[in-house]
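The structures come next, written out as C-alpha cells.
You will see chain A twice below: alongside chain B first, and alongside chain C after that.
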Partner chain A sequence: MELQDFVKKFADQFDNTDPEEITASTRYQELEEWSSLTILVVITFVTTEYGKAVTGAELRSCETVEDLYNLIATK
Partner chain B sequence: MIGENGPFSLSGKKILITGASSGIGRSCAIECSKLGAALIITGRNSERLEETMAMLSGYGHLFKALDLNDGDATSGFISDISNLDGVVYCAGIQKTCPSKLIQRADIEAVFETNFFSIANINSLLLKKKKLNKGASIVFISSTAAGIVAESGNAVYSASKGAITSFAKVLALELSHQKIRVNCILPAMVKTPLLETISVDKEQLELDEKRYPFGYGSPEDVAYAVIYLLSHAAKWVTGTNLLLDGGLTLR
Partner chain C sequence: MKAYINSISYYLPESTLTNQDLVKEFPEWSVEKVADKIGVRQRHIASGEETAGDMAVKAAQKLFVEHAIIPESIDFILFCTQSPDYFLPTTACIIQNKLGIPTTAGALDFNLGCSGYIYGLSLAKGLIFAGIAKNILLLTAETYSKYIHPLDKGNRSIFGDGASATLVSTEGFAEIGDFVLGTDGRGADNLIVRAGGARHPETENTVKADEGGALLSADHLYMNGSEIFNFTLRSVPPLVKETLTKNGLEMVDADLFVFHQANKYMLNSLRKLCAISQEAFYVDMEDLGNTVSSTIPIGLARVREKAIKGEKFNIVIIGFGVGYSWGGCVLKC
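Up next is the complex of A and B:
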C-alpha cells in the first residue's frame, strides 16, 4: 500500500465528490457526501482491497485521508 | 392459561429448532422447553449447543451439530429424526455490504444459509413425511424483508424476502395436511448477530433510539414463536408477524 495510490482509490469510493477535491490532507468527514452510507462503503472498500478491518469509530477518530492511511498501514 | 393444558402449552410436542446454539434460536429452545416441548436442536458449534442443552427444562431433548449447508449430512440427519409437531427455522447469517461493492461470493454465502438450505431441509422433511398433521412451521424472517430499508442490507434483505415469499406458498400447499406455516419479522434484536453488522457501538445506540420500545430481546421473539407453535394459533397460517418495538409506526 502506498499513500498516493490509497488516496486515489479512496477518492474513487465517492459518487458525488470530484476526485480532484480529495487529497492526502483532505478532512474527509467534512465532505458534503460523508454519511453513514459512505462509512459503510469505506469499511467495505478497506476490507476487500486490503483485507483489513476498520470500524466506524476508527473512521471517526481520523481527521485526514493520510491519517486513515497511516491507521490502515499499521494494522 | 400457560400451564400444562392451556392454549399455549407445547406439552407432548416434538419440535426441531435450527440455529439453537445462539441468540434467538437458543432462547426459543429454552422457552419452548419450559412449556413442555421435546426438542431437537441444531447449530454448527457443538460446544454452544451443549450449553443450550444445559439450559433446557424437562427431558427428552436431543442435539445435533450440523452445517445445514452440507446437503448430505442434513439429509442423513432428517432421515434419523422422529416425526415432528413443529419446526422453527432460526439459523441465519447477516452480511453488511453496500450494493455497489457486493461480490457474487457474498450473495452466494448469504443465500446459501438464509434461503437454499432452509428450502432444502423443508423439502426433506416433507418428502420423508416427518411432519405430523397439525404441525406448525415458523420461519424467522426479518423486517428487512421489504418492510424497512437499511443501507448495506440489500443482500440480507433479499434473502429474507425470499424466505417470506417461500413461506406463503408453502402455507397454501400444506393447508390440506392441516400444517400451518408462518413467518416472524423481527426488527433489531440483541443477539451476537448484531456484532456482525459492521457499524459500531455508538451507531447502534443511536439506531436504538428510533425504537419506541428499544431493541428486542431474544425472548420477545421466542414468545411469538411459542404462540405460532401452539394450539392458540390453530387458525393462523400464511401470516407475517411483525415484531418491531414500534419502529415502523411512523
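Up next is the complex of A and C:
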C-alpha cells in the first residue's frame, strides 16, 4: 500500500466529489458528500481492496486521508 | 429420509410508505440518493391494530388457498418473530386456534431476525427427521415499523413489514440440504430494542444520537449501521463458502443465491466479496424494503412464481443479522 495510490482510490469512492479535490491532507469528514452512507462505502473499499476491517468509529477518529492511510497501514 | 419445502406464500400489509412520503416528512433529506443506494422505493407498513400474529395468520391462509392445503394436515407450527402479540402466551398457540389447526399439533415461537428463516428450516427438518412431525407450518412475521422511532428516517427507509408461510413436508419442490449456523452475542448491542424486556422493564424515554448521528432511543429499534455492515463483510463470505462445501458443491454448481435482502448496497458489496455473478444473485426489495425474517421466503416465492425450472437447480440461501446470528443452507430444486 502506497499513500498516493491510496488517496487516488479513496477519491474514486465518491459519486459527487471531484477526485482532484481530494488530496492526502483533505479533511474528508468535511466533504459535502460525507454521510453515514459514505462510511459504508469506505468500509467496503478498505475490505475489498486491502482485506482489512475499519470501523465507523475509526473513520470518525481520523481527520485527513493520510491519517486514515496510516491507520490502515498499521492494521 | 428427506425434508422438502412444499409451498410458500406471503402477505404484505395494505398500507405503504413511499419515498415521496418520506420526502414530505424530511424535506431536508436527500431521500432519492439514499433510496438509490439502499434500493427501496416503498415499504409495506402494518396498521395500528395489525400484529405480526395477524399477519402470520393471513400468510398461512393464503398458503392454504393458493396451494390447496387443509389446516387439518398441519401437525406442527413454528413461528419466527421478534414482535410477538404478548409476552405470554405463545403467539403460535393463538395462531393454531385462528387457523383451525388440530389441537394435536405442536406449536412454538422462536425469536430470531434476519437469520430466522434458515433456523426455521433447520428446526422443521429436524422435526421431520426425528419422526416428530410430517407437515410443519413455518411462519415468519415482523412489524419492526412499530419499534422504529418516527424521526428515525434511516431505519424507516430500510425496514418494511411482512409475513410468510412455508409448508415443510416429506415431499415438495425443494429438498432442504445441509446447514451451517453461527452465533456471536458480542454484537447484541448493535441491533437492539433495549427497553421493555426484563433487563430494562421501565420505559426510558430518552432520545439522543449515537456518535455516528443515528437516532438512539432505548424504547426503539437501534441499529449501528457501520458495525452491522462490518459484521456481514466479515461473516458472510466464509458462511457462503462453508455452506457450499457442506453440501458438496462448488461455486459453479450454485444456480441462484438468495441472501437476506438487507439493503441493495450491502448486497452488492457482499456479492463482490463472495465473487458471485450478478446473474446468479437475487436482489428484489424495491417494493418491500427489508422485511427481516421474511425476505428469504418472499424471495423464494417470487423466484418460484417466475417458474424457474431447471433439471437440477441449486439455490443457496443465506441469512444474517440481529444477535448476531447467521445461517446458510442449499435447496435442491
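Just so we're on the same page, the second predicted complex is superposed on the first by the 75 of 75 C-alpha atoms of A that agree within 3 Å, B and C clash if a C-alpha of one lies under 4 Å from a C-alpha of the other, contacts with A are read in each partner's own complex, and residues count from 1 in each chain.
One rule holds in what follows: a contact is a pair of C-beta atoms (placed from the backbone, for glycine too) under 8 Å apart; a residue touches a chain by one contact, two chains touch by 3 or more.
Fair warning: this is a prediction, and the values are worked out from it, not measured in the lab.
Novice: With the two structures laid over each other on chain A, which partner does A:70 touch: chain B (first), chain C (second), both, or neither?
Specialist: After superposition on chain A, A:70 lies in contact with neither partner.
Novice: Once the structures are superposed on A, label A:25 by its partner contacts, choosing first (chain B), second (chain C), both or neither.
Specialist: The answer is neither, since A:25 touches no partner chain.
Novice: Report for A:48: first if it touches chain B alone, second if chain C alone, otherwise both or neither.
Specialist: Touch partners of A:48: chain B and chain C.
Novice: Where does A:4 make contact in the superposed view: on chain B (first), on chain C (second), on both, or on neither?
Specialist: neither
Novice: For A:56, is the partner it touches chain B (first), chain C (second), both, or none of the two (neither)?
Specialist: In the superposed model, A:56 contacts both chain B and chain C.
Novice: Shared contact residues on chain A for chain B and chain C?
Specialist: Residues 36-37, 39-41, 43-44, 48, 53, 55-57 of chain A touch both chain B and chain C.
Novice: Which residues, counting only chain B, touch chain A once they are in their complex?
Specialist: 96-98, 100-101, 103, 151-152, 198-203
Novice: Sort out for me which residues of chain A touch chain C in the complex.
Specialist: Residue positions touching the partner: 36-37, 39-41, 43-44, 47-48, 53, 55-57, 59-60.
Novice: Across the complex, what residues on chain C touch chain A?
Specialist: 33-34, 37, 154, 211-214, 224-227, 229-230, 233-234, 265-266, 269, 272-273
Novice: What does chain A use to touch chain B in their complex?
Specialist: Going through chain A, the ones touching chain B are 36-37, 39-41, 43-45, 48, 53, 55-57.
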